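Before I ask anything, here is the structure I am working with.
Naming follows writing order (A, B, C, D, E and F), and every chain is counted from residue 1.
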Amino acid sequence: MKPIEHADATPDVQAVYDDIKRTRGVPDVNNFWKMAAHHPATLRRTWESLKEVMAPGTLDPMTKEMIFLAVSITNGCTYCIRSHEAAARKAGMTDAQHGELLAVVGMANETNRLANGYQVEVDAALLDR
Amino acid sequence: MKPIEHADATPDVQAVYDDIKRTRGVPDVNNFWKMAAHHPATLRRTWESLKEVMAPGTLDPMTKEMIFLAVSITNGCTYCIRSHEAAARKAGMTDAQHGELLAVVGMANETNRLANGYQVEVDAALLDR
Amino acid sequence: MKPIEHADATPDVQAVYDDIKRTRGVPDVNNFWKMAAHHPATLRRTWESLKEVMAPGTLDPMTKEMIFLAVSITNGCTYCIRSHEAAARKAGMTDAQHGELLAVVGMANETNRLANGYQVEVDAALLDR
Amino acid sequence: MKPIEHADATPDVQAVYDDIKRTRGVPDVNNFWKMAAHHPATLRRTWESLKEVMAPGTLDPMTKEMIFLAVSITNGCTYCIRSHEAAARKAGMTDAQHGELLAVVGMANETNRLANGYQVEVDAALLDR
Amino acid sequence: MKPIEHADATPDVQAVYDDIKRTRGVPDVNNFWKMAAHHPATLRRTWESLKEVMAPGTLDPMTKEMIFLAVSITNGCTYCIRSHEAAARKAGMTDAQHGELLAVVGMANETNRLANGYQVEVDAALLDR
Amino acid sequence: MKPIEHADATPDVQAVYDDIKRTRGVPDVNNFWKMAAHHPATLRRTWESLKEVMAPGTLDPMTKEMIFLAVSITNGCTYCIRSHEAAARKAGMTDAQHGELLAVVGMANETNRLANGYQVEVDAALLDR
């Protein structure tokens, strides 16, 4: 399967591409969308969801992109790491913040396994919530 | 294996417990530390690392706790979800921010698999970085 | 470590290769088996298990390959995604079915994390089963 | 956080609950939705997506539920395993099919790691696709 | 689904139970086998594979059980952590060795994500192998 | 981001590189450290932790490296698989031991999912511990 370029796309796919370009202010959509376009319903639904979820809200876009990056690193998705690190930097993430993000992601993955390995019981105070 | 209480701990373990309580301003350490105390070197090393990594830096404590929570949710570690959601809320996370965090974590886990499933190639522009 | 070709293999490895080729009607075994051959007991055991598990039963081969692909996408195993997508297509999976499969895999990975994040309790009706 | 019951929900949340009940022909929504209701935008978006993705298409509902279950088992999400096993059975999955599904999920998780461990290269024939 | 006890099992299931008890020198099989018995082919195949793989070889049983435990902790499988920690201890694992095992598992999970996050290229010397 | 070579590094980074080279008896550090050097605090902390955790203790270095490799295979981290397989071999792991390790990792990943899929309850005898 190859990425579907704008010129080769059906009108409904082109409309999604155009909305992505307009919303993000970019000249072209990236390969993720050009592959999702093989199933137009997935393209449209995923874009509509992502547009809603990643829009500024009570969390700013940089924080949202850093959370996205933390998940992608944990899952080991190379494409997602590359694209969301770029998006987080575009949204303002500095080298120092990137370094701190990775340090937190590393410690979380370590302590998650220590908690599993020691079969730690949830503290009574946390269950009271 | 049972949690090791302060009264039953060796002096080196008590010293770590005391530093955790002082640093966090809490009356007691939680079960994670009382279980890690079964291997005092792990207790000390993990606490020293966590104290350093989670300290305010170029990222504020609430953002760090939200990243920690995002990883814990992705890995499905119940203990870690409970304790770091509590820590993030203590650091200021509101219900609305919690809702947005979960929405981002969900979308990241979904799109990570769409990127895997479509075997999306990294965009040339991202490799140029 | 390099793949072990038929000509360089011991007779017990060749016998497994021959059974794979006969069972699947293919002219050569793929790299997975040529690497597993470095530990002949693993080669034989894995092939015997896979032959039994993937044989037509109450689920047809295409459904079994799609389930295999869904797991491989979730785990992010590139080799497995490539080979089992090919196997599912050979067993009859269409482009549209592939698109629907990926959409389901994406939503399952998303909602798994929403269930984790909200720490949803199993419904009483489900525990009664 | 507690599940939000219909009587305590805002009208927009009630409208989603009502659509779930109507679409699925059930007297009440399950806990997943009652927790997602803490963030009404997530409730609505997730339901709209799931309704679209799980509707009959080129794959039948039982196959879709089995794929959902395979992912949930791989991720170890207890809530999701319980609820989607129930949904798959309601859609017609027999005990024998459940047994075959689990066997495939097990073998996929095993061979994914053998492929990782042996660092198997993608076969040339698969790259040509 | 409930565990299937010996008295309620078919002769082929009883035969597997009896072989597990004889091989391990235990008075009863544990719940894992009593659940797998719902699909007798899975019960038999899984037991035959596990008996072969976990037998003493070039790695001793305690080392094999510790590797099994490391994987189970990484995947967060509570049942597997409990049962394989017990098996490792029965095979000789001390408290100190358990502590060191968990420390290694924690560090591996941390550095796996640092390698992902920094997108570290495989060293030329390692590719030469 | 590019690996930071010794000649381009700050004195504190050089000091860590020198300690790694001295401790391991190697002429240069590998890419993992040259990337972690982008965040010197992470470089130093991770090295200090790894040096402590991987030192000979009640488990020998080869066993520790095999456990590290088992986790890396489970997580699908290519860099980590390559570097820790090399480290385990350098510590004495034979081809036969590597084969047995992979077989155990495979079976653990399979049975972890069978335990999830069958929702196996922890045996009373294991809870009594």
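Everything below uses one rule, namely that a residue touches a chain if its C-beta (ideal position, glycine included) is under 8 Å from a C-beta of that chain, and two chains touch if they have at least 3 such contacts.
Just so it is clear, the model here is predicted, and its values are computed rather than measured.
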Problem set entry | Those chains which touch chain F and also touch chain A | B, C, D, E
Seminar exercise, completed: For the copies chain B and chain C, the interface residues, called same if over half of the numbers are used by both and different if under half, are same
Exercise. Where the centre means the average of the CA atoms, what chain is farthest from chain D?
Worked result: F
Problem set entry | Cα-superposition angle relating the copies chain F and chain D, to nearest 5° | 180
Exercise. Counting only C-alpha atoms to place each centre, which chain is farthest from chain B?
Worked result: C
Exercise. Between chain C and chain E, what is the gap in Å from one C-alpha centre to the other?
Worked result: 21
Problem set entry | Mean-CA-position distance for chain D and chain B (Å) | 27
Exercise. Any idea how many Å lie between the Cα centroids of chain A and chain E?
Worked result: 34
Problem set entry | Numbers and ranges of chain A residues touching at least 2 other chains | 1, 38, 41-42, 45-46, 49, 53, 74-78, 82, 96, 100-103, 105-107, 109-112, 114, 116, 118-119, 129
For this session: Enumerate the contact residues on chain B facing chain D in the complex.
Result: 76, 95-96, 98-100, 102-103, 106
For this session: Going by the contact rule at the top, pick out the chain B residues touching chain A in the complex.
Result: 1, 3, 30-32, 35-36, 38, 42, 46, 49-50, 53-54, 57-59, 63-64, 66-68, 70-72, 74-75, 77-80, 82-84, 86, 94, 96-97, 100-101, 103-112, 114-116, 118-123, 125-127, 129
For this session: Going by the contact rule at the top, pick out the chain C residues touching chain B in the complex.
Result: 69, 73-74, 76, 78, 81-82, 101-102, 105-107, 109-114, 116-119
Exercise. Touching chain A in the complex: which residues of chain F?
Worked result: 38-39, 41-42, 45-46, 75-77
Exercise. Tell me, which parts of chain A touch chain D in their complex?
Worked result: 1, 41, 45, 49, 52-53, 129
